[in-house]
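Have a look at these structures, which come just after this line.
Each of the next two complexes has subunit A plus one other chain: subunit B in the first, subunit C in the second.
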Partner chain A sequence: MKNWQVLLWLGLNCMAVQPALAHGAKIEYGQAAAIIIRATYDDGTPMAQAQAVVYSPEDPTTPWLKGMTDEKGEFTFVPNKDVSGNWDVKVRQSGHGSIISIPITEGLIASEEKPEIDRVELLSSNSDLTPLQKILMAAAGIWGFIGTALFFSRNPSSHQKSVRQ
Partner chain B sequence: MHIPDGLIPPSVCISGYALTGGMTWYALREIKKDSNPQANIPKASLLTAAFFVSSLIHIPIPPTSIHLILNGMMGAILGYYAFLAIPIGLFFQAVMFNHGGISTLGINTVIMGLPAIAAYHLFRLRDKVPRNRQFWTKVLAFASGAFALLLSATLFAAIAISTISPDLDAAQERNAIYLSLVSYGIQAIIEGAVTVMLIAFLEKVKPELLNI
Partner chain C sequence: MRLNLIKSNTILLISLLVVGCSRQGNTNPDVEGVESQGSLSLVANGEDFVREGFVTKDGWQINFERVDIAVGEVTAYQVEGGFNPEAKSQIKSETAIRLVQEAQTINLAQGEEDADPIVITQSKAPKGFYNALSWKMLPITDQSIAGSHTILLEGTATKAKRKINFVLGFNQPTKYVCGEFVGDSRKGLLQPNDIAEVEMTFHFDHIFGDGEADADDEINQNAVGFQPLADLATSDTLELGWQDLEQNLSPEEYQKLTNAIAGLGHVGEGHCSVTHP
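After this line comes the complex of A and B, so read on.
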């Protein structure tokens, strides 16, 4: 090969790759307030490997961040602290899921009672109810249906009698 | 398989309500043909209670857990009353336990109510069997319980797949839905067995309850 051909080949190669003028890499670090989402089914099992989509208040229709929940059903993201408002997080798995609105001001959860909380629970149902509360509510509901049944199964003749008296 | 609020587009919610409205009108018209429609209300009310609580009882089937729907049982025993009982039960599940949603009440009623009506017509076939009625009653009870659940699961999967929002990874979500169909298959067997038990019990104790 002639010398000028080698030079041309080298020159073309150099043009094809990204110029790396310096070879040192630098990593910086800083602290940011992250929001942790925990998604569970209503029986308390975590929604593992579910798809999580975050929407910023600036544009609530296009996703700002997409990701997956981990084994514990948790998903962490750092909202842009310059954007205050309601950040929506949607978690979905096989047609089940939920959406939650998190009010964030300057990167922190805006909450009057507990300004220090950094954890938001996203639930496909209401795990904030204790089992006893759930049982009581269910019992009240059942009693309503039983009452309806009793009302309609009353003896029509005795009802007429009581009206006549 | 209750669809929660906010996951499906409004057009689907509205058409769900429209379908439910039309079907309710038809169910009421069928009920009106009864000589005494009030006589069946206690039965319908008690089964609505069963439907209402059954969603709270979770049966663990790895990898997830399921809860009974019992729409096939409702259809087989209640007939067209089931289509009125199901939205009432769903409404209370949505407001009390946040299970399902108010905006999706219509579409959820379609998912669970239409298979209930199908189960009713399937179970009615027992009037046509010439002999060995007891045996066929059990077979049809199982079939209606399992078939209604499978039909509901299919409707649910079809709606869930067709409304995957473009923000999600569609292929992954589709796979998750197909996977969930396997556990619905197991659930169909459980629901069929529950329906057989209840209907066999009613046939022994109060067979007139089964003639709707």
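After this line comes the complex of A and C, so read on.
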């Protein structure tokens, strides 16, 4: 075989083999807004290497992502920007744990302000009333006003008459 | 005219009385109808420490016959965005279900070693996520030992060749206000016509420590252990109420015990804020 024929044959073989290289790696890149949480104990010690579990608003009972915090107690995740709502993150270690709810809209934290923590006890005396009970109570109040108005607007002569009787 | 007015007022008053009386015994809101309700279970869990026994930080093997607590005014809440008990704030919720009103005594040691948490009550409740819970520890109706107590422990403590039969009464009325249950699974998410659970968890290793943990572990640093109590035993018997403990423990040990009892209440691994009403 001539040299040019050998080269052509090798070249064709190489071209034929190339598609069979299935172990190639491909890396792409893009930009996304990530959420970083930091977990610490009461005394400020980082919860390092603690279990972190993320729950999506779409399914709050099934973990959406699991991982571990780093040595600073930090854990980073990128929420699905198409799923808005409260993304919950649970961190646990050695019998200690906590869970936080992060409001996210279109991949971003819904408010830069910290969640409202100064709350007021709700269980007021009428929080257990049904709508029917509330309507009846309101009706009683209104009827009381009407009754009072009718009392004061009555005919004085009829009052005197009734007194004479 | 006047007679009609009196008649109308009387009828209205009777109607209000009937409606008012009809709500007694059902403090739970029923605003969304049966089709959007489920059943909310309240359970109490003393964990493996209570059911299986354990070794204290100072090497005593503890086995409980009885771990009585009395809880009352138990309320489950739905809180938008969750509730953080570390903030020492009050709960703001539009749906709150009173699960237990009067004091109810529970033996946390009942059942087999691998028993499920104890079901205290099950109530109809509107659907939603019950992610906060509060309850009070109240006095137990029991005369096993003198004095008033909110926790009664009865069992044996064994170390080397010594065995002590103990009955201990701790008296510390406490209110716990907690956020969401923290554990292997999530609890409190109630779907229509389904059952969900909220849990009061009690960590007794906070009092006695954990022999399996390191001596310098936080759990053992803050726990009393059993040795200070064993030192108060007469031969093989130890029967002490809260006043006895206050008088006989050192001020440091008594304070440690007081703090540990306050830290008993949890929701799984989740902490609670504590007040003493």
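The rule is short, and it goes like this: the second predicted complex is superposed on the first by the 86 of 165 C-alpha atoms of A that agree within 3 Å, B and C clash if a C-alpha of one lies under 4 Å from a C-alpha of the other, contacts with A are read in each partner's own complex, and residues count from 1 in each chain.
The rule we apply is simple: a contact is a pair of C-beta atoms (placed from the backbone, for glycine too) under 8 Å apart; a residue touches a chain by one contact, two chains touch by 3 or more.
Since this is a predicted model, take the numbers as computed values, not measurements.
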| item | value |
| --- | --- |
| Subunit B versus subunit C as contact partner of A:Gln51, first or second or both or neither | first |
| Subunit B versus subunit C as contact partner of A:Gly85, first or second or both or neither | neither |
| Which superposed partner A:Gly97 touches (first subunit B, second subunit C, both, neither) | both |
| Contacts of A:Pro60 with subunit B and subunit C, given as first, second, both or neither | second |
| Common interface residues of subunit A - those touching subunit B in one complex and subunit C in the other | 42, 90, 92, 95-99, 137, 150 |
| Subunit C-facing residues of subunit A, complex | 42, 55, 60-61, 86, 88, 90, 92, 95-101, 103, 115-123, 127-133, 136-137, 139-140, 143, 147, 150, 154 |
| Subunit A residues touching subunit B - in the complex, by the definition given at the top | 41-43, 45, 51, 53, 62-63, 66, 90, 92-99, 124-126, 134, 137-138, 141-142, 145-146, 148-150, 152-153 |
| Contact set on subunit C toward subunit A in their complex | 1-2, 5, 8-9, 12-13, 15-16, 19-20, 23, 27-31, 75, 77, 79, 81-84, 86-87, 89-94, 96, 98, 129, 179-180, 182-183, 185-186, 189, 203, 219, 268-271 |
| Partner subunit A, residues of subunit B touching it in the complex | 1, 3-7, 38, 41-43, 45-46, 48-49, 52-53, 56, 58, 64-65, 67, 92, 96-99, 156-157, 159-160, 167-169, 172-173, 176-177, 179-180 |
